[in-house]
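These are the structures in question, set out in turn.
In what follows, chain A forms one complex with chain B and a second complex with chain C.
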Partner chain A sequence: MAYIERPRFSCMLGGVLATLSALPRTIPIIHGAQGCGGNLSAAYSLGGYLGAGYCGNSGVPSSNIGESDIIFGGGEKLIREINSTFEVMDGDLYVVTTTCMTDIIGDDIKGILNEVGQKDKPILFIDTGGFKGNSYYGYTKLIQELFAQYIPQKNTKQNNLVNIFGLVPGYDPYFRGDLEELKRILELVGVEANTFFTHDQTQQNILRAGEASLNIVLSRVYGPEAAIAVKDTHGIDYLITDLPIGNLATVGFVWQVAEKLGLDREKVSKALYQETDSYFKYIDRATDLIADTDFQNYAVVIANATEALPYAKYLDNEIGWITGYIFITDELTEEQKNAIRQVFDDIEFSIRPELVFETDTYRIQQYIEQNNPQFKSDAYYETFSPAFVLGSTIDRKLAEVLNGGLLSISFPVINRIILAKGYAGFKGGLNLLEDLITGQISGR
Partner chain B sequence: MIFDVNFDSKNPQSREVSRRTGFAYGGCTSRLTRCAEKGCLNNCDRNFTQATFCQMMVSTLISFSVKDSVVIMHGPVGCGSQSHIIDFSIKAYGASRGVKMEGARWFSTNLNEADVISGGETKLKETILDADRRFRPTAIFVLLSCTPAIIGDDIDDVIKQLQSDVTATLVPLHCPGFKAKVFSSAYDVVYHGILQKFNFEPIPYVDYYPFNKDDKDYEQKVQQYEYKKSRTVNLYNAWSIGPADEAEIRRLLEAIGLNVQIFVEFKEPDQWRMITQAALNVSFCHVHDLYFLEFLKQKFNMPYILPNIPIGIGSTGKFIMEIAEFFGLEKEAEKLIAREKEKLEKALVPIKEKVKGKKVLISGGYLRIGTTGLLAKEIGMEVVGFRNFNYDSFGNKLFDEIEETIGDVSNSISTQPSELLNVLRKLKPDMAVSHPGIGVWVTKAGIPSITLFAQRFPIFGYKGAYDLSRRLARTLSNSNYARNLGENVHLPFKEDWYEKDPYYYIVDKNTDIE
Partner chain C sequence: MAKKIKQVAIYGKGGIGKSTTTSNLSAALSKMGLKVMQFGCDPKSDSTNTLRDGKYIPTVLDSLREKTVIKAQDVIFKGFNGIYCVEAGGPAPGVGCAGRGIITAVELFKQQRVFEELDIDIVIYDVLGDVVCGGFAVPIREGIAEHVFTVSSADFMSIYASNNLFKGISKYSSSGGALLGGVIANSMGTPYSREIIDDFAAKTHTQIIEYVPRSVTVTQSELQGKTTIEAAPESVQAGIYRSLAAKIASHEKSNSPSPMEITQLREWAAKWGDYLLAAEQGKVSIGASI
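Take a look at the complex of A and B:
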């Protein structure tokens, strides 16, 4: 893996801390230097100002090892830290995470946990040296470890209970709104979902995850590995699919789930009809504005491997925009890229966009400037205008070069705060249209 | 005061070594200052610790604020990954200083498991060359994080090899987080890199045209220049200091007849060559720049003074007066201060009525919280406690004054929310003034908090004193947000923790300080 200009993710520990901050009443215990917890919390917070959460940022217990611990080992410090944490911090689940330093010096965490002994609440360990992977990898590993160490295996499954995975807190900035909406939609067809991260969830939902009959993974690359492992250990079937945005994608998504679970088709049809009907009643009344002005834009989508294609699909299939470029900003293996390419090939685009894997912000702009005809000097040429960038706030410069709008959909999101808003599902599709049009009329 | 420096060494020692700076203490002001004086504050540690900043994170601040720089985080991809947020700040606050900044341009060398085994120097070289080619920056700061520091990457050697191949000046910053508990050590690290790699004297025919000796006005021109230099003072800014602060202190110093130059942020390194063209160096906040001022004194014989940060009426007056004394401008300063104070005092009357007797707790860097406390006292508030991020004997001049004027109140060295929340229950302040990252915990406890600093707001000088007072009063006038939050949010601390001493986990080996 090469160096990266302005990477749009952090390290494995960063992803794990973001994820733990969103789990109900969970206390991380970092074994490492004092800065890891503070800085990585500051990083995940840039997913729309996610904030520290219940026990994030400077609240996270951290063994804060120093130079002498690097030489003599940090085990004793960690034991003290764990014991003190149980005295001070009030949680339902405690998770020890390691860092680059403690992985390099090789502290034996499992041995330390044995020495610490039984506590009144469960305590897990996940090996999270930052150099082992990025934040998305950390998320995947954590889900896998929760199943391996914490979630009981259940032989009898609940027919209509599913778990939803694939969205990484902070690094998928709209994860809360998206999960809430998908949970709502699944409830309409009689399916209960454990999301782990929405506010209705408790440790009971996590513990009950072993009773689910389906793991739904909303990402082609972040989560499938865990779902496959869980199929072996817990016997839970999986559905690897994409984040559904807007009417078409969401209807398709619900049918995928319905088929997997063998739901009553009539009931599903009825529920979906009502949702679609309501959706288009909103679109109906937006059309007065849309039809009177040319709001059909050329778009550039810049996002992670989970979200880039779903946004591009929405723009083309749902609202009839022309997506010129899709940039995926994660560092991916060739195998992961192929998984993405396959989904890309299956999407029916009116005009097929260019799919580019590019981690560097500067190179994204450079790519468009070097390849788009509007930057070449002929009298008449196809302009990329009006343009709209669906990317990160750090793509503002590109939006300026294209003289277009910018909607921050991907990490880091700095120019807006994200609370309950989501872009997934029916409501999310409406939210997205609302924001795309508002972006073009806000000067009125 | 304890201050061990060696500018010739590869990298500076952490402040817990060079200044015996403490990072853990709980008690009151008098014992804190006595302990700092004896140099034994760094004997305190904790048996329960929470995450905080590291010196690498703090090192990014000046590095990004140098005009048209590039910052390379040499480490795994998480180190420095919070830096996106800096982009908007340096652009916006550069613009309000009249400086067009390029924004935060940075790389991660993205070290992985294979690099940990084989070393990260090759990746660093590639990154430096590409950063220089892509952006043609003025300087490239290479920040050494924990991992490459442990595996033994030699960034100095890499820089030595590459310097002749690039246009930017390459600056090594030895800032692995584990090497310093006192994260303000970062300022010494950054200035050490700067003082090793840049010049601070103007170059003839580049920065100026030397006067012609045959010119009939030669003597007069030299005298004019020397006179101007003898009336020029350098101030040193920092991340926490805003454009309005700089403008206000510049206004006051110019009013007594001085020329003001401000360094090092929002300037190109080339402009730093004018640093020596002044008679005196003064820090706005010497927690940041003392290391550099001492270097300039040793190398260029430039004197410096260390007044307290100019927040509040008294501290601003003293800041101006200490500088005026150096230049023999006491009378001018006295007049100015009297005039400014009179105007301000009138304006503060209605504010004082609103905040009278209200209790405030202040957290952050020691100079800023101390002077902010004095301002609160000046407008009639009751300061119930101070929470220093770090502390050493350079704060004693200020905190001795505080003990006298405010009293021997609760005082600690702490970044820990556990201690903060516990102390809040005991001190029951009406509001808090908190360093960024801390206010969220205060607000969750149902107590309103405003930020200790933000470049958006004027804080220094008389204008700043008025504005900060006004914001304190405004915050107190409606605390519903905090109240609602406090009533509905759950904090991650066990109920019996609040019954313990807030400093229960502090291990203080200093039994003899009384």
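Take a look at the complex of A and C:
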């Protein structure tokens, strides 16, 4: 990993713990020193104050190994911790996660699980040495392991059952609201969705994931690997697409799913018409305010590889803002960058933004200051104003430099609490419009 | 002013005779009137056996496993001629981290000022052969040992391990780490083994501190659970160990070696291979330079 100033993710274990905290009645068991669990909980709580969930934050059991466990092996400590967890923690699924140090010394977790495994309490193991990758990688691997170790393979599929993947709890801060909305929309066209993370979900939804006809992955880089593996093992087709925000994108998304599942076109059209109609009735109410205020903005979108393009697309296609720059802040391979560039090239922008892969917060500001004409001389240029930054709370400085507003859409989000809010779908598109306008008039 | 304690680390490939050499060295140094401590840094914990009639002693890490605070006195045992024997110990094979064990054991000792309290003249660390991870490099960095000697035969794998050790020493040499005193050439049996080890020392800019031949006396002594110095003090072999001890006791100046790069080392070994093959076929005679 390169040196990153103010990184916008934590380690593999951080992603896995955040994800497990969002699963129904799931108990993680950390095999590592006492710092890992606490620190990583602190990290994922920066996703709009994610909170503990069923078993997260300081409630997570940890073997809390010390120096002598490192020297002699931490297996015995883990066995004790697993047995104690079974005794005091009431869960439907237990997942042992490892840490850098237990991975380095090579404790034999599979052997230990064979020793302590209890048939009435499912317990899985995921190898999560923090050095293996970042939180997004952890999410992808966890989904893959759930299918590999836990979700039964089913030959008979349910035609209109899908699983939705790609949004990482905490690190995609609006994941739950987004999933709720997409689940609602799919239900309108007769499709049932396992989301794993919305509050209606139980372990049954996870176990039934093997019966789904389609895995929908809302990210070009986080989840496709798992979906491809699951196609081989469970025979589930996949759709790798983008997070739909607002009317146009959501209509497009639903048609993509409809095509894959062979849904009744008339039924889909009817449902979408109703949603679109309602959507624009709301927009209609905002038009006076939009017309009266200098609402059109130049925008900078700063987000992860999953969300940056969908937000930029919404700003351009849906509300007519001019996105000058899209910064993608994850550390990506060239192959992953190319996948993103491909999607970017296919989006129809009225004015094409500049797509920049940049992991360092200060360099994002530096990039704009060094490249935007208004910062280069006193000569007349079309100024980047009024400006609005859709990024993380840590992009506040950039918003100040641009003399513009800031809406926290990407991790870390610490200037607002996120509970049920989402920006995906029809309702999410309206939420986003509300927040963008409110951001400009809240000083009134 | 407190007297300066001499701290020496002996490294070498496993099975090359490192512990045998170290124990005999400790015994000979002790017989010279020096107060000696031998510190075994090998998870096998058998470095000091021949100083204690073949018996194992509880290790630093065994004590650590049982309690969090360890008194140095609990893990120091007197052996032949009053030599203080310590074994770092380690985990069972296949679990945990032996390297971390060495770090912990050495640091525990460093903190407790044991050497000063026991008025020790010389500490000999007997360290597992290959410097496979940072833990096994602890005695040569952080100002613990000042001088390193490597025990090596003329076998390629032994020389390879020594060369790796030299890399470790070079790495830490500029930051206060130990320097190389020289090579203790062990198991010198065949006529060409001395030439090979001499050539290796020359190529890496170091010296041979002593040539120790193969000897049945050593085997006989070890079978009694003793060093040669104890079991056969009048033997020729004991004389060689005494000579080695005298040299190490008076050794003052060590250097940073020039390890060979891996390709260079392989080429060097291949040349010797060709040469030995030619010698076997009678094309050249041993002693001719290559």
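Please note the rule applied: the second predicted complex is superposed on the first by the 441 of 444 C-alpha atoms of A that agree within 3 Å, B and C clash if a C-alpha of one lies under 4 Å from a C-alpha of the other, contacts with A are read in each partner's own complex, and residues count from 1 in each chain.
Methods note: a residue touches a chain if its C-beta (ideal position, glycine included) is under 8 Å from a C-beta of that chain, and two chains touch if they have at least 3 such contacts.
Since this is a predicted model, take the numbers as computed values, not measurements.
With the C-alpha superposition on chain A as described, chain C and chain B fit side by side in the combined arrangement. Across the overlaid complexes, the C-alpha centre of chain A sees chain B and chain C at an angle of 60°, to the nearest 10.
When the two structures are aligned on the shared chain, A:Thr198 is found in touch with neither chain B nor chain C. In the superposition on chain A, contact is made by A:Gly73 with chain C only, not with chain B. Put simply, more of the residues of chain A are touched by B, taking chain B and chain C as the two choices. Once the two complexes are laid over each other on the shared chain, residue contacts for A:Thr97 go to neither chain B nor chain C. By the touch criterion stated above, A:Asn215 is placed in contact with neither chain B nor chain C. In the superposition on chain A, A:Lys132 contacts chain B only, with no contact to chain C.
Legend: residue contacts after superposition of the two complexes on their common chain; A:Asp107 is shown touching chain C, with no touch to chain B. Aligning both complexes on chain A leaves chain B and chain C separated at their closest CA atoms by 5 Å. In the superposition on chain A, the residues of chain A contacted by chain B and by chain C overlap at 67, 69-70, 104-105.
Taken together, the chain A residues at the contact with chain B in this complex read 1-7, 9-14, 25, 27, 30, 33-43, 45-46, 51-52, 54-55, 57-67, 69-70, 80-81, 84-85, 87-91, 99-101, 104-105, 129-135, 331, 362, 393-394, 397, 412, 414-415. Of all residues in chain A, only 67-75, 104-108 touch chain C in the complex they form.
Only residues 61, 64-65, 68, 90-92, 95-98, 100-101, 104 of chain C touch chain A when the two sit together in their complex. Chain contact summary for the complex, chain B toward chain A: residues 47-57, 75-82, 84-85, 87-88, 103-113, 115-116, 123, 126-127, 130-131, 134-135, 146-147, 150-151, 176-179, 181, 183, 415-418, 437-438, 440-441, 490-495, 497, 505.
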